Amino acid sequence: MSKLLVTGAAGGLGTLMRGRLDSVAKTLRLSDIAEMEPGGADAEFVRCDLADRNAVMSLVEGCDGILHLGGVSIEKSFDKILPANIVGVYNLYEAARAHGMPRILFASSNHTIGYYTQDTHLTADVPLRPDGLYGVSKCFGEAVASLYHDKFGQETAIVRIGSCFEKPRDHRMLSTWMSPDDFARLIECVFRAPRLGCPVIWGVSDNDTRWWDNTATAFLGWKPKDSSEPFREAIDAAIERPDADAPDAVYQGGKFTAEPIHRS
Amino acid sequence: MSKLLVTGAAGGLGTLMRGRLDSVAKTLRLSDIAEMEPGGADAEFVRCDLADRNAVMSLVEGCDGILHLGGVSIEKSFDKILPANIVGVYNLYEAARAHGMPRILFASSNHTIGYYTQDTHLTADVPLRPDGLYGVSKCFGEAVASLYHDKFGQETAIVRIGSCFEKPRDHRMLSTWMSPDDFARLIECVFRAPRLGCPVIWGVSDNDTRWWDNTATAFLGWKPKDSSEPFREAIDAAIERPDADAPDAVYQGGKFTAEPIHRS
Amino acid sequence: MSKLLVTGAAGGLGTLMRGRLDSVAKTLRLSDIAEMEPGGADAEFVRCDLADRNAVMSLVEGCDGILHLGGVSIEKSFDKILPANIVGVYNLYEAARAHGMPRILFASSNHTIGYYTQDTHLTADVPLRPDGLYGVSKCFGEAVASLYHDKFGQETAIVRIGSCFEKPRDHRMLSTWMSPDDFARLIECVFRAPRLGCPVIWGVSDNDTRWWDNTATAFLGWKPKDSSEPFREAIDAAIERPDADAPDAVYQGGKFTAEPIHRS
Amino acid sequence: MSKLLVTGAAGGLGTLMRGRLDSVAKTLRLSDIAEMEPGGADAEFVRCDLADRNAVMSLVEGCDGILHLGGVSIEKSFDKILPANIVGVYNLYEAARAHGMPRILFASSNHTIGYYTQDTHLTADVPLRPDGLYGVSKCFGEAVASLYHDKFGQETAIVRIGSCFEKPRDHRMLSTWMSPDDFARLIECVFRAPRLGCPVIWGVSDNDTRWWDNTATAFLGWKPKDSSEPFREAIDAAIERPDADAPDAVYQGGKFTAEPIHRS
Amino acid sequence: MSKLLVTGAAGGLGTLMRGRLDSVAKTLRLSDIAEMEPGGADAEFVRCDLADRNAVMSLVEGCDGILHLGGVSIEKSFDKILPANIVGVYNLYEAARAHGMPRILFASSNHTIGYYTQDTHLTADVPLRPDGLYGVSKCFGEAVASLYHDKFGQETAIVRIGSCFEKPRDHRMLSTWMSPDDFARLIECVFRAPRLGCPVIWGVSDNDTRWWDNTATAFLGWKPKDSSEPFREAIDAAIERPDADAPDAVYQGGKFTAEPIHRS
Amino acid sequence: MSKLLVTGAAGGLGTLMRGRLDSVAKTLRLSDIAEMEPGGADAEFVRCDLADRNAVMSLVEGCDGILHLGGVSIEKSFDKILPANIVGVYNLYEAARAHGMPRILFASSNHTIGYYTQDTHLTADVPLRPDGLYGVSKCFGEAVASLYHDKFGQETAIVRIGSCFEKPRDHRMLSTWMSPDDFARLIECVFRAPRLGCPVIWGVSDNDTRWWDNTATAFLGWKPKDSSEPFREAIDAAIERPDADAPDAVYQGGKFTAEPIHRS
């Protein structure tokens, strides 16, 4: 790939990943609503508010792949989620359509299905059960991806990310953790496939405790190599196990299910 | 029920249904963005733009049931769909939550799954495949209904309406038609059930040609009594059968799949 | 059939059914732990405690079909359920094995799956979820029937009876009611089939509101003809609809789920 | 339709059906390997051996629909089945391809799945289990139909006929009977559908005892109106019920499962 | 865990496991109907007949976990199975309910499903098919566990043990073997999980030949590390492969399916 | 095994495999329509045209296992496929039946399902979708194998081979490749199993990118040990990735789907 657009490049996930994309693209166009340093000879930075239709239109031009990590990534008020995660996603797909439909990896979230209990094993085609307005906005994004695929042939890998950090941080993340290296491998698989379609992929490492089943997307050849298991002891030592009735032990979405509807 | 709020009461569907709700509620509160005559001693009219948060908050107060037919019901530009079908749905659920969570019947649509082909038999738990921005907005609404049910216990009947008119109007509607009387019977079942939950129901009559399976919601006891079959001959006489490759013969969403993304 | 053994003939169900078996068998052997009048030229009465192994052995001799309605049919203490419903069932199958393996209709119960919620549509092969010790004893009986079929070829129709009374008596029974006439038709189908095997059949009429799916046993040709729907209005008039959180509105087993473990 | 080709027109099924096709086509081209009288102003007769490639090529020319009933329809030796049912089917599809791909109704058979037991409820997508060389030849035909659909867009209705006679003739046929009138209605549905595809349809009336599930093809709108039930009493009176271990009571294919491999 | 009750501690399985529980509990309360030496500073022994309600009540007091290996573990007469495996299980659950509902691991058995053939791949939610009265008693136990979970929230891991010995002993055990170390790892997973519920788990190592699928309980994080494969050669050398029609080659329950109903 | 018949021994697959069968059989009977050198002290060669019934009858005599690799293995005209792949398979099964029903491994093909797209994950029981006349002939062979199993107890392992070469040769083969060593291991599993039945097995190595699911046949204990992944880089370097719309990127059958019906 010649140039990969990375939205949300200044955020947590963007920061983790942008140094791991060498094998995917020759150059990166990094973008965020916040200012940042591109930090690398092969990267350029374009500041952009995803809710600004014209800005997004320019942002996408000239890219032949999009890693869409941008937008709000935690539970917030509807007024905050609407511009970036709803209007912004629409803007991005319209811009992609206008510019040759570069393949998109859309960072969706386990919070689209957060109300399933942790003793449920999920394939990617179960009905959605979002656990907050953030999750609802990701459901919206998945619907847009599906529409543009069916109507125009736009390809998207919808990746329902579990918890992507350097290490798992609590007991629930022993099940939801995706290592940044495994995510990098997934990104590579997504952009190398001769034909992608519009699959839904669980973004999770090869953890022993697991809830999600990627059998249906085995055609992509992604085999996560990391596991949360080596971190179990340290987490057990550092953090108390959640109560059997705590949201972190009951629901796949964990604490998000206990969040209120934020007002501002 | 004492008072049923009907949104979109001045629209096509609202006009068809508001005379058929006697057995459901003592009085009706009719609402629309357009002016209208309530037309009946037991009905009051409140003009309301669903995108106006405060107005919706007042609108819901004092109602113990909501028949939500309001919003855009055809393919339009994103700028037209956003206020009524996205912001408006959020406003409605917030208002319901503030006012005792009256049971809601949410008029969703077959256009949430319009890209399935007509030779596919669907249960209500298949992944969504919207056929336009209108369909995407209904996917959003279904996600909001699911969230408010899981988080707060708000009950909603999500009814994916096929084609609700006095009669079926073309060949595709022989499969998608729901008679207004059957819809009225469904409304009655939804509001009489001791416990509703948040089921997805296909809004379709007992047609011979059919694509949708309501087995999973048989607990509601809705048995549609009408069929499109008596209208087949007249339609065959009046309208040419669609070509095998016409959207109306290929996709469940019919002509919606051939609509462009509207710009204004 | 020459002679049909009916256990539990003095109980509620036995009383309802014993006058409806003319087309099934020439003569009846009625049995119960309580005294009763056989009431009919073609019927004989044999008093019998199902927990008495030898008595059951004699009881079965000479019969070419068994309608097993006997035993405890409501929630009771383990000490009361054990002899009739556990030891008694073992005794019955051993006696049948000793006497040519006459076909058995085993009256099982919806209380084997009573903890499923009422918005769940069940096929007969779902995992069991009994709602009390009575339900557990019926699970035991189903396991015995399965064992004797696999090991010896003993045929049993396992009928999970909903609510078999002259009329439905409350709102839940609008979904669970099986009319005595429909049960009589089922008995006929069970005993006329050239080959029965060991199927599980939901014992329920053709009600509009329904939870149970008999598709898998359509080979038997049982089509219930009655429906609870004509009784809805009277029940609505006579009895208050259950609260949304009442066991009668939540669980398929209804009030049984609210029973304690009885101590005596 | 202007002209419908009916192969096997002189056979049992052809004789039953050819007087029932008025509403389907203006004229019929009847064909058989045996001589026959076309019997009707709107019918022509063309004698043809299906194994003769050139003859079949001519036979199909000028027809805009094909009702393929021809070939061997009972268990015979491989040498007898090969020309008509294997070579013949290939010839027919090649001829159809050469002449505009008129829609085909292919008379397949329950003997493609005859080794399933009668207590099994089948959807049309179960793996095949033919009960003889005849059944194997129909599996071949279904594979050819699938190939020509996927490769060229040739449409076929694969109809797995149960037992199509004026009346059911034995106990097994109470489950497998398709009335000629119901078959005529099915033919009409197949040829009127704007888009057919290549569905597998169980050819069976609305019998009380049934093994086969046509839910997946409900998009065609075929609702059989006849039932075997009115014939049950007469069959019970005239014929002894089969033994529990008789092929006619065990297998869906009935006596065919007990046939040897014929040598000549 | 402070104190783990191990029933059946003097039996084969108990003997294998009691030295492998150090990481699970600080102290053990070992129990059996037979006399035994506790053999370890951190273990106490309490002799107990499971059929004795009061004795079981005392036995459970003060324990915060139960490993229930007790009862009859082979095919025996009903009179022998009833007290330990039926009455005993009821007693155990009542005692647990009286004493704070300590988590239970219930040793169920593959003999609950022993009549499935060895070419069938089973998930844990298939209908039960016990292969003897022992298997029936384990079906009873599973029903009790389900009841106490649904009614009271009592958690149980239902482990359907294959064959737990130091080594696999015959060809069938190449498929059913669970190494004691793998069982110890499972016990650890069961008691460490913040929330357990009432799952059914196949108790089997990571053998190459396998019939059972634990995907649904992957949330527990149990990954068996041993395999029967290294033992294949020795078994092939020492024991003749079973005949194709021998119970040990046909049924998952193996020789148990060939056992009679024992009379004493 | 004493003597294993290998048909098609001079072909590509036969050549690859015949040196890898030492652990399976003491001696080999190699056969082909073409002349060849048996090449080994423990092998004999018998030239045979599979379409010659008597010759096949003799060929099978004295063998206690058959590895059926013979027949046409690429897309050809019907006239070429008919004798070897249709008549020949019938001849082989009749010969096996006459000579004690030695176990058969039938080399079927992914071209029986070649029209499924590459983003579909298949279990072995999906409906067939052959991609050419070659694929149709393999569907025929699978039907014959099923028939002889159900009717006579003849056991067959139906192996749907992906691409069996020393190395994968193009991008599609990264998903379909089965290493010759993995095939040899499968052959061993098939012939060592005490009871085989008639399973369908996907013949594919443990590749990262994969479409096919062998879970249902895990009872055989075959665990492929090779993977195509080490060859990816070389293939990427040597061959251009197929276009997203090229048959090799769209369909599981790859280029076969683009083949015409051959005429000669």
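Per-chain numbering from 1; labels A, B, C, D, E and F assigned in written order.
The definition used in the following text is that a contact is a pair of C-beta atoms (placed from the backbone, for glycine too) under 8 Å apart; a residue touches a chain by one contact, two chains touch by 3 or more.
Quantities reported herein were computed from a predicted structural model and do not represent experimental measurements.
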If a chain touches subunit A and subunit C alike, it appears here: B, E
Chains in contact with subunit A and with subunit D: which ones? B, F
Any idea if subunit E and subunit F meet via the same residues, over half in common, or different ones? different
B-C compared against C-E, more contacting pairs: C-E
Through what angle, between 0 and 180°, must subunit C be rotated so its C-alpha atoms fit those of subunit D, rounded to a multiple of 5? 120
Which integer distance in Å separates the CA centroid of subunit A from that of subunit F? 42
For subunit A and subunit B, let me know how many angstrom lie between their CA-based centres, rounded off. 32
Contacting chain pairs - touch in the sense defined above: A-B, A-E, A-F, B-C, B-D, C-D, C-E, D-F, E-F
Subunit F touches which residues of subunit A in the complex? 155, 192, 194-197, 199, 215-223
Within their complex, subunit A touches subunit B through residues 78, 82, 86-87, 90, 94, 97, 115, 125-133, 135-136, 139-140, 142-144, 146-147, 150-151, 200, 257, 261
State the interface residues of subunit D toward subunit C in the complex, per the touch definition above. 118-121, 171, 174-175, 207-211, 213, 229, 241-246, 248-250
